[in-house]
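First the structure, which I've put down as structure tokens, then a few questions once you've had a look.
Every chain is named by a letter (A, B and C) in the order it is written, and numbering of its residues begins at 1.
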Amino acid sequence: MDNNEEYQKNLLEFERKIEAEEKIEPRDWMPDAYRHHLIRQMSQHAHSEVIGMQPEGNWVNRAPSLRSKKILIAKIQDEGGHGLYLYYAAETLGVSRDQFVQWLHEGKAKYSSIFNYPSLSWADIGAIGWLVDGAAIVNQVSLCRTSYGPYSRAMVRICKEESFHQRQGYEIMCDMMNGTEDQRKMAQDAMNRWWWPSLMMFGPTDNDSPNSQRAMKWKIKRESNDKLRQKFIDKTMDQAEFIGLTVPDPDLKWNEETQHYDFGQIDWEEFYEVIKGRGPCNRQRLETHIQSHQEGEWVRNSAREYSRMMKEAKKELV
Amino acid sequence: MSNQAETGELWEVFLQSKSGLAFKHAGSVHGSDAEIALQNARDVYTRRNEAVGLWIVPSDQIIAASPSDSESFFDLANDKIYRHPTFYNVPDGVKHM
Amino acid sequence: METKEMIAAYATRLGDTSLILSHRLAKLYASGPTLEESVALTNISLDHLGQATTFYQYAAKLNANGLNEDDIAYRRNEREYDNFQLVEQPNTDFAFVMLRQYLVDAFNYHYYSALCDSNDETLAAIAAKAIKEVKYHYRHSREWLLRLGKGTEEAYNKLDNALVHLWSYTKEMFTPDAIDEALASLGIAVDLKSVQEQWERDVFEFFSELKLQIPEKIFQAKGCKEGNHTELLGHILCEMQYLPRAYPDAKW
């Protein structure tokens, strides 16, 4: 068999598996473009979990009760853990974690645009849990069925653990809406600032998302950006109304015909600005990550040196 | 991964969720040596009481059959249905077998 | 002071040390030398926060003055806090963080082991749960100190520097006050003398293995049980208590 014939045979088998809903495993043959798409998407997903710790971490030491403090610490910690699950899963594609982190620091790898907005009040912690995690969960539930085995397994684990995150956020919003006038104002203000960026989390509209189609064909992505966005809006609207929050979109209306909510125009210019690194907190988020990575270097060096010495000592004994 | 990796070598993590059950692969973890990797695995994979048992194995020590071997490794067992209990006829009325 | 009041004060200050240490560790949610270690540090933070909560709940029950565990944490001033000054010390670098943790873990290990036998059932039960957590903390911090002390010269120097700073806050942990003595005589509180002996045996032996010199002729802080603190605690409380203080009528 010549190379081309071999390639076609592999490709056919790969496509058969995708068609049959079988998972692709790390040692299976896969097209380069499939591998590269996964490397990009999974590392972006991992970075989002990790950078996403920062806006919440901004309030970790100002949580107003022992209970809320405990929950917030646990939630931020989960995000670190989920970042790790995703890095490990992405490493099965043959790229090391060091490389992923380096790409992040060099600005070559992206993370979700949402984490470039500042968290300004305690109600933001509620809004992040309810809206941001709510949007993330819609996307992640869909990704449990992704075609790459390690990614799918990581997503199943993550979805199981994240089920409490959105409730935690909504609970904060409920408590604040049932609280004092100041608290209600804080909650509405957070809603106003986080609503639109949350909708942007699903990415550009399907017409403007060229990579999406191929990812759908390979079943890396299972549902389109617009479909997921609509799903999120439909379920979140009732929750907002139930506690008396106003969604900051005058065009938002129930549409009997489509059985979905119609909504207003998303500010895509803002979205692309943030994606290109010109959002309110892009610089701070990245600098913070780089700084703590650099500060840890001497510790990692020492741990490696210790490991090396122990191995040598063991060899001498043998 | 090589020893040069910044965050340490790569280890595979196996959890036993209840005593008596088999250990199951949960994912992997980085650690500069076995003790650190074991602690990392505990902190990353058992935050919700998922385990009573925990193994870690250096990833480069796992020997895997390659996918191209899969026909010769696994397909042959397909026709050995006599290894499965449902292959056998048991008279009606005989229980607990 | 009645015995009940003394037990409440005793539980409160155990809670104080746990709470302030938890607070310091929580801020490291993404600043560990590896992401794995950040997750580990927040686990330890959560354990201490859980301990603080149960100690405060018990104190609130004994005080029976209508104040709950959150009031105890969020509505007291600097001089009403009785935590070890050691746990207020900053997260200067990973050597500070791990050495601070090790010194407290070694203390807690022996202290809570003894408190498991307290004649006060609630304190004994809290200690029995805490000791499981503390055993892991102790193993964790000890293993890290090995890797800092026996790894590179740079790490050894940073550890040595942290020791010079933190050693000033170790002695007061073992200084009993009237409450310690009264409750110890009833078999409720832990005998600090024996904790000190065990702690010194562990720590001195370990430091000699790491070739760390214990600082001599340095300042030793005192008075944590009378609400004495470094300047750092005021800032910790400012941050921690900001919301309940700024919105006294709000429920969170």
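By our rule, a residue touches a chain if its C-beta (ideal position, glycine included) is under 8 Å from a C-beta of that chain, and two chains touch if they have at least 3 such contacts.
Remember, it's a predicted structure, so these values are computed and weren't measured experimentally.
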Query raised in the report: In terms of CA centres, which chain lies closest to the overall middle?
Result: A
Report summary line: When A-C and B-C are ranked by contacting C-beta pairs, first place goes to A-C
Report summary line: In terms of mean CA position, the chain most removed from chain A is C
Query raised in the report: When the centre of a chain is set as the mean of its C-alpha atoms, what distance in Å lies between chain A and chain B?
Result: 28
Query - Distance between chain centroids, defined by C-alpha means - chain A, chain C (Å) - result: 35
Requested in this report: Report the inter-chain centroid distance for chain B and chain C in whole angstrom, where each centroid is the mean of the CA atoms.
Outcome: 40
Query - Multi-chain contact sites of chain C, meaning residues that touch two or more partners - result: 34-37, 39, 43, 147
Report summary line: The positions of chain B in contact with two or more other chains are 7-8, 29-30, 32, 36, 44, 47
**Report entry** Shared interface positions of chain A, touching two or more other chains
**Finding:** 77, 81, 84, 300, 303-304, 306
Report summary line: Per the touch rule above, chain B residues touching chain A in the complex are 1, 3, 5-8, 10, 27-30, 32-33, 36, 44, 47-48, 64, 66-67
Report task. Spell out the part of chain A that touches chain B in their complex, as residue ranges. Result -> 25, 27-29, 77-78, 81, 84-85, 88-89, 91, 96-98, 101, 153-154, 157, 161, 300, 303-304, 306-308, 310
Query raised in the report: What part of chain B is in contact with chain C in the complex they form?
Result: 7-8, 29-32, 35-36, 39-40, 42-44, 47
Query - Footprint of chain A on chain C - complex, ascending - result: 23, 26-27, 29-39, 42-43, 45-46, 49-50, 52-53, 56, 69-70, 73-74, 93-94, 146-148, 150-152, 154-155, 158, 239-240, 242-244, 247, 249-252
**Report entry** Residues of chain C touching chain B in the complex
**Finding:** 34-37, 39-40, 43, 136, 139-140, 143, 147
